[in-house]
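Okay, handing you the structure first.
Naming follows writing order (A, B, C, D, E and F), and every chain is counted from residue 1.
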Amino acid sequence: MVKMGYMKRGLLAIVSHPDDETFGCGGTLAAHASGAPVDVLCLTCNPPERRDELFSAARALGIGEPTVFDDLHVEKIDQLIRRISDVIVEKRPKVVVTHLPFDYHREHRAAYEAVKEAVEWAAHTTTYDEPYLVERLLLMEVNTLIPQPHVLVDITGAMDRKMEAVEGYTSQLAKFPWGYYQNINLKRAELRGVQAGCKYAEAYLEEPVPSNSPFYEAKATHSLL
Amino acid sequence: MVKMGYMKRGLLAIVSHPDDETFGCGGTLAAHASGAPVDVLCLTCNPPERRDELFSAARALGIGEPTVFDDLHVEKIDQLIRRISDVIVEKRPKVVVTHLPFDYHREHRAAYEAVKEAVEWAAHTTTYDEPYLVERLLLMEVNTLIPQPHVLVDITGAMDRKMEAVEGYTSQLAKFPWGYYQNINLKRAELRGVQAGCKYAEAYLEEPVPSNSPFYEAKATHSLL
Amino acid sequence: MVKMGYMKRGLLAIVSHPDDETFGCGGTLAAHASGAPVDVLCLTCNPPERRDELFSAARALGIGEPTVFDDLHVEKIDQLIRRISDVIVEKRPKVVVTHLPFDYHREHRAAYEAVKEAVEWAAHTTTYDEPYLVERLLLMEVNTLIPQPHVLVDITGAMDRKMEAVEGYTSQLAKFPWGYYQNINLKRAELRGVQAGCKYAEAYLEEPVPSNSPFYEAKATHSLL
Amino acid sequence: MVKMGYMKRGLLAIVSHPDDETFGCGGTLAAHASGAPVDVLCLTCNPPERRDELFSAARALGIGEPTVFDDLHVEKIDQLIRRISDVIVEKRPKVVVTHLPFDYHREHRAAYEAVKEAVEWAAHTTTYDEPYLVERLLLMEVNTLIPQPHVLVDITGAMDRKMEAVEGYTSQLAKFPWGYYQNINLKRAELRGVQAGCKYAEAYLEEPVPSNSPFYEAKATHSLL
Amino acid sequence: MVKMGYMKRGLLAIVSHPDDETFGCGGTLAAHASGAPVDVLCLTCNPPERRDELFSAARALGIGEPTVFDDLHVEKIDQLIRRISDVIVEKRPKVVVTHLPFDYHREHRAAYEAVKEAVEWAAHTTTYDEPYLVERLLLMEVNTLIPQPHVLVDITGAMDRKMEAVEGYTSQLAKFPWGYYQNINLKRAELRGVQAGCKYAEAYLEEPVPSNSPFYEAKATHSLL
Amino acid sequence: MVKMGYMKRGLLAIVSHPDDETFGCGGTLAAHASGAPVDVLCLTCNPPERRDELFSAARALGIGEPTVFDDLHVEKIDQLIRRISDVIVEKRPKVVVTHLPFDYHREHRAAYEAVKEAVEWAAHTTTYDEPYLVERLLLMEVNTLIPQPHVLVDITGAMDRKMEAVEGYTSQLAKFPWGYYQNINLKRAELRGVQAGCKYAEAYLEEPVPSNSPFYEAKATHSLL
């Protein structure tokens, strides 16, 4: 039996490093934080101090306490897939957000690979007693931009919280004393806002997720409408 | 103002030749025919006699009267795109179904190209006074199979009507007196049925359609949930 | 000197898991079992009990005793390639059958990668004293279908043995008490049979194998006819 | 004999429609306008009134009078290639700028195809008495963004002229009375400016152009340094 | 009834321009000319004088009189496909040779597209009373090289005839008075000869051709051995 | 502070195995050896004796003493990237040469992957105190040919040294007593020479390297001319 509180109601962002969740989809997470569970799974924590920054960011965004793997790098993909699908099955999010397959960062591309597999295996009746089928998989932009987004989420009301979360990543911001991370997050949100007809927005690609499979509980669709 | 009866309620299959709509998605069309507008746009009619077969098939499936372009081949794509988007804007379907981009048939691949463009341009506020944004674009299988479908539609209750529509394509069936078209439609539906945990099914790929764009009325998404 | 009995006469199926050889190409293996050596190399055996099922399946198909690697997963590709090419050089099959590069299963895609490399290195005069050049590499379908097959093998006369081998995989069948594996194997064989103009068939893609190379014994072709 | 004033000194933007040159690379054109020939070739002019807007934009940018083909659409690619290479051979630009091959606009993708071919044929000694080899081919962004640019050009000193040219496209701006084109040009320049460490920038992909060929005058490179 | 003399015994080279057949596969054609029908279909002849050169080349190679389409360019692909398949059905070659899909020449890539489709349609029982299934489709190199060939044909015994045919293309050779075409043909044959362990060779990619299809006479394969 | 002698003046070849640097770009290295630093980084040395051959080859080519990693295979890419970028940052070459991404040899493809990443990370201000941005990345041919090269380097004056270096690889040459490696190097240089209008040449693909990035010192380009 599916636990009621988590039944396809929330979002789960699965990211490579602390700060990716804020830079990539922080506004979206904050905007959905009231009324639905919003969670983060971070696949690495290197150096360990970044964990504190991640937890601060989560508080600024108003979302739940992040789940963090202590890995130094996104590697050993085969074992990682299972660890990710365990979290998906536990959290039961309606929407999963992760990195782009053409992200310039090697560990972001690896996260995409692992998450895509994990979404599949989480839904298999042969791997889990209570398998879980994610409804949507969205891919976010950090430093690499999406040429033509499928989805633009209005984050105007959440932009303050996003920027507060950005500001908390002092270890990262310090690498660019001229304010790169603050500015890129601001200007990218403005650009996407222009496209979205609002002040600030975040952009996503939609990666189609199978709705049916012999290995899922949802084997057939009865109505497309 | 959007006409109420057509407001994102139905399906529109856009196909290269008479019979593609029946072989590729006839069960799905029939299964949705009560309670929502279900339409077919056929991009060619060569020779002209196939028009009668198409209209018979539509009656067998219980759907509306098809729209037919009198072209002999799927060609002159640039002009074709606009003619297709005109139909999309008029019919306002929630779901559009068309061919696979890797279909073995050249004119099926060309239809995919044209439909994908038409779905985009139909939604532009700069091209139409009452532009229209399709919600889902599904790709069907005729002779070329989908390796791993995203959607399996249960057509068990509509299989009789699909097979009746198949049987009406006497000009095509006559090319294979050993019953190829009847059998392939039956056996493919059975195979997809096994995967879908029902008796008969049809399989589709989901092609993601943008939800927002500066050129659409729907510029931003306010909630992903 | 090449051992006479194995001189480009037979088939070798190289698969990821016990049951892949039966589901993917069991009918073809059985159909060729008299008059030519027909072998299976299985790259994993996890859990170990599946070995018995594999040996039973081989008996049902009427083929030789399988070679089984005790690995739990298809991984460490670099070492695996050499272990596979050793088997190819020993067995000297005319035709090698393996998985699809676009199979939905990660370990099937990995098997394809490894087998393709192994076929190349098995033929190198610099790696083997008695190198061996496979003539054809065919790719089979398990759960992922081939959109447009290159080869359809008539397995009508061997279908009983294939289904007997399927039935022996009780550990796998038990996962789907509604009979998924039996039904999918039956219905896929029927669908391919309709395309092949016979009762039951199996489908393959042909992956071209080089005929000549400076590193092969067969450096030049003297007639294409 | 090569005309001295044009010997690999300038830029040539080859675009699909009037306004693409301003939106895509107007700042770059303006920034290079003193000290080198900077030209525009526009492949269509539909409706004819847009020609005046293009000429105004060129004046605002401070560049030469545009060359305009009177075509309504980017089509009949084969003939178009030769007409474009004629202009390249006449203008002899060091750098050619055009659209992205993955631009969302069909006519932008077609322009890319034609320009890439034209750059090749312009250099052939068998097609021109005075063939000409372009040194760099850069691809610009209009509505479709470049995920990871190769080149970011600082246009801070030319931003006023770019925005003046944008403002002159009244027929286009009128389609979006909420100021889309003004805002997107501003915000994109700011975002690229953040990445480029300056106030405003434009982004490009570099498409490698052959330096040598048996069909070019420049058959060999003698030093890479 | 199939004409005996042409029953899967020979070669047919289908090329874009007069000289492609000599430069790309002239040695192979000459080497097979005794004992099997060897034919050329040339898709264009522009200017008309090149027809004489083509006929001279065919005589030098010792092959049959070429079939020549009077088109100026490889265009209007849809109609061209049918004209090519008509020739395939008439000639009934075992092997068809044509251009590479990644050839640098646009009209060579178009020829590949058309030939690949024509090979398919020539085999359809629904298009021809005496359909014909080509056994092998080989792709040759002219100016664009094959990175890793599948087939290297020893043309040592036919190299004199190839070079005689090359020398006859005086209209083309005149464009490169330093002897480019003679030298490239010589040196490429030598390079491929080194790889093939002989003096002179020609290289090909193998494009897999379906052996079976519901639309072919050859619906099923009964033995892979 | 950048060391003067190495400031974007030289070449660095990064190769998988001893002999790749000679076969792939030995002529180019030798041709540039006077007047600029020319270096080799070899990623493996297996068996250890090949190190001596590599050092002899470097002496024959007239270049500096190679840097050699003692790895047996090109593997553990993640760690390898950093070790390569360390060498790039130390050597500060204007041009890096490495393998093709479509090379038939698995370890050559892996080298390409690692080098491409290393070139990126070497330029990051966040990874190095004295980061370094390579200007050009060129890809060379060993056994796999480049279909259409971007650059042909005239190595006529250096061919003697290249062939002397080739001759020193006695452990490799011994595998092909019929002289394969000597001949392929000679004939490939002749073929590329014909294309380059000289006696001997080497061919390369150009892989575009970003000129600017927020993570580089070179954030913006101020002039394209």
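FYI, contacts are C-beta pairs under 8 Å (C-beta built on N, C-alpha and C of every residue); 3 or more make two chains touch, one makes a residue touch a chain.
Since this is a predicted model, take the numbers as computed values, not measurements.
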Labels of chains that are neighbours to chain D and to chain E: B, F
Chain-contact steps, minimal, separating chain D from chain C: 2
Number of hops, chain D to chain F, where each hop joins two touching chains: 1
Of all other chains, the one whose Cα centre sits farthest from chain B: F
Copy-to-copy rotation for chain A and chain C - C-alpha atoms, rounded to a multiple of 5°: 120
Chain of greatest Cα-centre distance to chain A: E
Chain B and chain F: spacing of chain centres that average the CA atoms, whole Å: 53
Separation of mean Cα positions, chain C and chain B [Å, integer]: 37
Centre-to-centre distance between chain F and chain C (centres being mean Cα positions), rounded to whole Å: 40
Per-residue overlap in chain F, given as positions that touch at least 2 other chains: 104, 143, 148, 180, 184, 194-195, 197, 214
Interchain pairs in contact, sorted by label: A-B, A-C, A-D, A-F, B-C, B-D, B-E, C-E, C-F, D-E, D-F, E-F
In the complex, chain E residues that touch chain D: 73, 75, 104, 106, 143, 175-176, 180, 184
Residue ranges of chain E in contact with chain B within the complex: 78, 81, 117, 120, 125-126, 214
Sites on chain E touched by chain F in the complex: 100, 102, 104, 143-148, 178, 180, 183-184, 187-188, 190-191, 193-195, 197
Touch list for chain F against partner chain D, complex: 9-11, 28, 31-32, 35-36, 94-95, 136, 138, 148-154, 194-198, 201, 205-214, 219-225
